[in-house]
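My questions all concern the structure below.
Letters are used for the chains, namely A, B, C and D, taken in the order the chains are written, and counting of residues starts over at 1 for each.
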Amino acid sequence: MLAEIKGLNEECGIFGIWGHEDAARLTYYGLHSLQHRGQEGAGIVAAHNGSLSGHKGLGLVTDVFQSGTLDALKGAAAIGHVRYSTAGGGGYENVQPLLFRSQTGSMALAHNGNLTNAIELKLALEGQGSIFQTTSDTEVFAHLIRRSQAPTFVGQMKEALSQIEGAFAFLLLTEEALYVALDPHGFRPLSLGRLGSAYVVASETCAFDVIGATYEREVAPGELLIISHEGVRSERFAPRQPRSICSMEYIYFARPDSHVDGINVHTARKNLGKRLALEAPAEADIVTGVPDSSISVAIGYAEASGIPYELGLIKNRYVGRTFIQPSQALREQGVKMKLSPVRGVVAGKRVVMVDDSIVRGTTSRRIVTMLREAGAVEVHVRISAPPITHPCFYGIDTSSREELIAAKYSVEEIRRLIGADSLAFLSQEGMLEAIGRPDVSPERGQCLACFTGQYPTRIGRAVRPCLTVK
Amino acid sequence: MLAEIKGLNEECGIFGIWGHEDAARLTYYGLHSLQHRGQEGAGIVAAHNGSLSGHKGLGLVTDVFQSGTLDALKGAAAIGHVRYSTAGGGGYENVQPLLFRSQTGSMALAHNGNLTNAIELKLALEGQGSIFQTTSDTEVFAHLIRRSQAPTFVGQMKEALSQIEGAFAFLLLTEEALYVALDPHGFRPLSLGRLGSAYVVASETCAFDVIGATYEREVAPGELLIISHEGVRSERFAPRQPRSICSMEYIYFARPDSHVDGINVHTARKNLGKRLALEAPAEADIVTGVPDSSISVAIGYAEASGIPYELGLIKNRYVGRTFIQPSQALREQGVKMKLSPVRGVVAGKRVVMVDDSIVRGTTSRRIVTMLREAGAVEVHVRISAPPITHPCFYGIDTSSREELIAAKYSVEEIRRLIGADSLAFLSQEGMLEAIGRPDVSPERGQCLACFTGQYPTRIGRAVRPCLTVK
Amino acid sequence: MLAEIKGLNEECGIFGIWGHEDAARLTYYGLHSLQHRGQEGAGIVAAHNGSLSGHKGLGLVTDVFQSGTLDALKGAAAIGHVRYSTAGGGGYENVQPLLFRSQTGSMALAHNGNLTNAIELKLALEGQGSIFQTTSDTEVFAHLIRRSQAPTFVGQMKEALSQIEGAFAFLLLTEEALYVALDPHGFRPLSLGRLGSAYVVASETCAFDVIGATYEREVAPGELLIISHEGVRSERFAPRQPRSICSMEYIYFARPDSHVDGINVHTARKNLGKRLALEAPAEADIVTGVPDSSISVAIGYAEASGIPYELGLIKNRYVGRTFIQPSQALREQGVKMKLSPVRGVVAGKRVVMVDDSIVRGTTSRRIVTMLREAGAVEVHVRISAPPITHPCFYGIDTSSREELIAAKYSVEEIRRLIGADSLAFLSQEGMLEAIGRPDVSPERGQCLACFTGQYPTRIGRAVRPCLTVK
Amino acid sequence: MLAEIKGLNEECGIFGIWGHEDAARLTYYGLHSLQHRGQEGAGIVAAHNGSLSGHKGLGLVTDVFQSGTLDALKGAAAIGHVRYSTAGGGGYENVQPLLFRSQTGSMALAHNGNLTNAIELKLALEGQGSIFQTTSDTEVFAHLIRRSQAPTFVGQMKEALSQIEGAFAFLLLTEEALYVALDPHGFRPLSLGRLGSAYVVASETCAFDVIGATYEREVAPGELLIISHEGVRSERFAPRQPRSICSMEYIYFARPDSHVDGINVHTARKNLGKRLALEAPAEADIVTGVPDSSISVAIGYAEASGIPYELGLIKNRYVGRTFIQPSQALREQGVKMKLSPVRGVVAGKRVVMVDDSIVRGTTSRRIVTMLREAGAVEVHVRISAPPITHPCFYGIDTSSREELIAAKYSVEEIRRLIGADSLAFLSQEGMLEAIGRPDVSPERGQCLACFTGQYPTRIGRAVRPCLTVK
């Protein structure tokens, strides 16, 4: 399951609002609904009376903000960020939005994605005397803007956007406007909505539902939106490429209630489950899903197969940063951390266990073992995506190829390694049809690089999948 | 939904272990899995080298305990408690286990339930010079033990147990033994398990699954277990009454993966949903459940009715004590707190909304309105239990009768008040059959007092449903 | 110096106010000025609208109270307590005021002193079924009140006061009145003041200065004051004994700006220094005092001797509970903790080092060594009190006799043990004259037990100096 | 008194060590002893295995560092900083040492002082595309180094040092060396010491005493020290100017036990007091000093005048960031914050009140009023320095000239404004002689700008006394 690498990937959530007097507070609720996209840090910057002020910290949104800190963030425009990982190091400094003040004006920056030529750009800038305060690739973008000699700020942004490569959804706030930019391939989701006369932007539409906003449209790949008191202006900073939205948004990341590029995630997952039941049926007594991402898939599998859906695995909800991990000794005695099998449900049963992926295989093996120890007589593993065989350079650190079990072993070998009675992956075709995004469509295309190794962009030579700068 | 009164009820979770060198740490994991039964406070007391030591605090288990505090709780026996509410006041003082030290020996006490004659007993004890440090009814039990002139400790406990009335599951730890007692009607669940050579006791079996323990049997109503280095000894402190386990454990409280008195809660809920679909079908496009308790019910309803199950309502997972509530103004503008409708799922749809109960009706009305504002064209409310018409005195504060909407209005009137297109409650017979507990069975009987007003015990004159002592 | 035992003694500070709408807030400032008397915990209980509410915690007054917690303590009457030590164990529970609620009324209790028959009384009360929640002797007093069958509350208090022995200054707050009691020997200081129409009571008069109150008079030994809306009523609960106020209040504990039983502490200390210069002159270049208690003494010594007073030793002001102690290795390399010698001041000088006492001798030896290592060519130690040869049972835990260096060694032997060039103690007569309290005076007598072994009261058989109850 | 402006000034303390395995821990103790120079924030950066790691935070040294955070700062070299004020804004970001990482190497910077051409430099750098992360002038120095094209790091530092003006004492740590630089006028104190084979540098010598280090010599104005494994190398980056050490270091800032440029501060202050007694005698009963800076002065005054030194004013020691300020209403009723008069000492007395300065006059008036309300019959104010008539641009924000009472009023007018019976300032000549630093001496000269308006350096046109950058 992808959750096994969550400590490493770079996925984030961003939210912005322009034109509402409670901008910071609404950003708080928006970020809160995006919390599943990043639990390591959170921040908000608001624009008020010609100046920006912000607050950020390590931890959950509810840890970072108190009523007083929110009240201090006055103004009718704000952007916010939740950060998934501390990869890149630096802790607090790397929490976004990054706020850049200067004698002539300030700007704040929130970024979801991963720049594939960040190191090259950074080395060049440092050679010219620039000082970086963070180890994040996001700061590179700010320096490029400041170094630009273009006469207007929009011109400086476009010049900077033309220099960076990879996956990026940017929100940039100044005293004058909220700027929104999505990379030419549209690797990450980014939606535009309305709340009364205010504009909102968010990584997922669940942030609109929680604040009562209505969905307007997707931000287009290569588009630069300038939202100000004059309304929304749309420009292009790059010619549009075929859409390459990340498959994992549907399979793993996004909240089931979100619509990602117009498609409801729960429904997409149920369809993945139904298709999986057709492609890879199993003789079994119950279907169970690995929470949270595979619950909808399992329900779909159950519906299509007629095998009853039961709660054979439970995720412990309150596992946060302060949870005390069991010692090795206790784990060997059977103490479970995040996931427990439900003995009374699986004992004596043939179980179909639905999961979203197999990365290194260790987690899958652990779950299979867990189910058997709880009495399952057979465990049939069904994966709602094709095998992951290649690393991702667009924001998900599936590390090096050597660690990917599917890069080295056949399905049958993996089955043996994880100890399952049977194992099946969903076909690429099945996945695309279930989600409803044909690969080749310029409008509704999907990034398949981790399954195929065909990367939609150049990958910078010096780049490591996860930007870690010493 | 019952969650609307969670600030008021007295439900708790208890866990005990005897004979394992990591007793406190296992109690931590056990409590953690019982966190849904009480989120206001948590505590653990361990017995080591002839003395008891404890730690407790307000907040979640993971807030209260750090690695260091756990390490300090040495010993091979421990009991723990998670507390639902601060009703009764007193905050920290009332967090359990209560630890009573004396010159001659110490004891710690953890309690799930509600004594119906606590005030009477407390007044009498204070008249004799006793000083209470908490406002909880649990402390009464300790004073009764200390006042008893019986020659043995077991004798003192039995004398005390014979004086108290109502609902109680007690864990009492001394340096010599772990004592376990369940009231004669067995209102609350209490299970016994094994972990290697150690014994464990818990409110729900999910605590066994999480530590890898195996289920042995239920603690019987009126039974007193004495667990010590001599093993388990069973005694009776009262003749057995017909079992009156709380219906709400199945309907609302317990975790879906737990087996309550031998019955899996998820399966029971799916059966409630199936039965509900038969008793109260609806012409609709989707079925959705109010999270978390009604998800399983909704899946069952969908399965039996053929209407697809969709995620029309989402609960925001990370709403804890530090969550900043939206202002009234923001709420009126549509900002949601715990529950949001999923616009893209419900818009234009006829929705079956499955919930566990209607208490005051305000929450149900809010959800119905929410769904309509999100575009639902019809909302059909289905409740997986009969109408609640009477207050509970056994641990759930459904307050006074006047506040219970079903005590004053007909189903049709309630439908109008909550603004639903149709409304149906499950029949009492349907509920009992779906769960699989015939009311009249001495072995598998269920408390129906909140539906019928027929209380299995005397209710003390001066007692208020929720013990609040000035 | 006495500070070396501060982790062990039981000295505390108490403050009470009746008749001011900002009662809790004024108690906060009062406690703050008494912080030197106890830094381990603090608490305040206020009476408002017929009920008591309180807040307490471990740490400094400024750690324990935030603006919000103070605001919550409404009402025109309040008592507060700062606690010196965690001796007796129990941490938070033992922080005072202790608050006792019952169905018929509540009371809060703050205590400075030590009961010498606490264990005897406690054993008897537990034998009758009483349950103690703390390990402090203070709680015994509450139980005696509750057990009393006297018809009035004042009668119950008097009955309880007649049963306890030792040193005690009590503040007891109910909804109706503030009760103030001082033991018949008056071991501890307790002053009465006025702030407009309000009454204030405090361990030291510095608490009056800080809130702008005026001093009225001392609370008399054996006196019980009842302060209510009817004004102040004075009663006696015991015949007056000759005053035995603790010598150490003048020598070590009290703030130099306080007047203890009418005598300014700074002036008393300067007089101790002058007398010491006469009794024990030294050939030296500079006089320096061990901060904080001996600064005034050193100034007096300098004034009388003509030797200049210099800052040869400095106390690091910000050493609180969170200070990280140097490792043994670092200490051996010369890292100082609380006290540092000032090399540039003492190097090459003959130094008179004035201190308040020598308890175990280890601290004195350390300071002498420190001064020599910083270059002092001679160190002449002068102590502003007679040798401490006997343990205290009235609130200062000077431990067992074996640990008292002066109980086992002659002055010359002590000089050698601490490595001083000369050593002198002030004579008992000199001390009494300098402070201005003749020992034998019934009005202005002073407890000399730690110097003479003549205890003004019976010492309970089972009692340990510092009440530590298992 | 100068303390009245402490919220505004920029005074700081710095500490560095090279060549000791407990470098970070010794820096902790060093900073702790310099805490009086800055209480708003603290930080430490250590060099280990070719990389720098740091920890910093808002609050006292003991708040910011826990044992674990210190342990994580491994390595044999470290620098630390305590920060006085948040002027310049930005809070956490501005806490030093500032740590600058780059792909080619890292450096950490700690600064005491104020650059008088910071704004000019900053505007120029931003015009070239540099991004500043803090609002402190310190960061300017780092950018100048990075922009320098000099071939060696020492060359880059010298080029940067030649561009900045004003008061600065810098510690700069890289993996290779500890660099120490003092501005050509030597406005701020900076001493070099030894601890075994290690080198230490600190703002005040009290930091040496606390860790057991020995004093070596002062860092010279215009000197650049390079401390590395090759030992100490001294270079000059500017020709030496006459020394202009800040007078206020002796009068107000430094700890009395420190030697500032070789002169013991307590002794200097006693001499100031003696001289003041000669220049401005008073008919009075007691002498009292405003704590903490004027205690030594008052003792000197008492010694020279024969009037007894008494504790007429007391400073409340535990007033930290968490202290709850009294409301205006309570203050009007007499509640004191930091300073209280001792009624029993001053009542009926003619009081000489010794203070270090009068800035705006409001604090002095408050203290005089306080003393009168406590019963003083006469109050004679004596100031241990000449009148402050001009703003400081070297690190002490005495704000604009309009706010300085002595810039607008005569001594007699000030006397009337503060309500004293008499008022006298020490003469400039008296001050210089008492401290022992003739103004004109190139070796031992003293900055008198705030008394005379004669600034030793050019003051940049755009510069505000306290660098506040929007």
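Note that a contact is a pair of C-beta atoms (placed from the backbone, for glycine too) under 8 Å apart; a residue touches a chain by one contact, two chains touch by 3 or more.
Keep in mind it's a predicted model, so treat the numbers as computed, not measured.
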item	value
Touching chain A and also chain D, the following chains	none
Reference chain B; chain at largest CA-centroid distance	D
CA centroid of chain A to CA centroid of chain C, Å	60
Separation of chain B from chain C, taking each centre as the mean of its C-alpha atoms, in whole Å	49
Inter-chain centre distance, chain A versus chain B - centres from mean C-alpha coordinates, in Å	36
Interchain pairs in contact, sorted by label	A-B, A-D, B-C, C-D
Touch list for chain C against partner chain B, complex	51, 92, 100-104, 119, 122-123, 126, 128-133, 135, 142-143, 146-147, 469-470
Complex interface listing, chain B residues touching chain A	22, 25-26, 28-29, 32-33, 35-36, 60-63, 65-67, 70, 195-196, 205-206, 208-215, 255-257, 259, 264, 266-267, 270, 296, 299, 303, 308-311, 314, 316-320, 322-324, 326-327, 329-330, 333-336, 340-345, 373-374
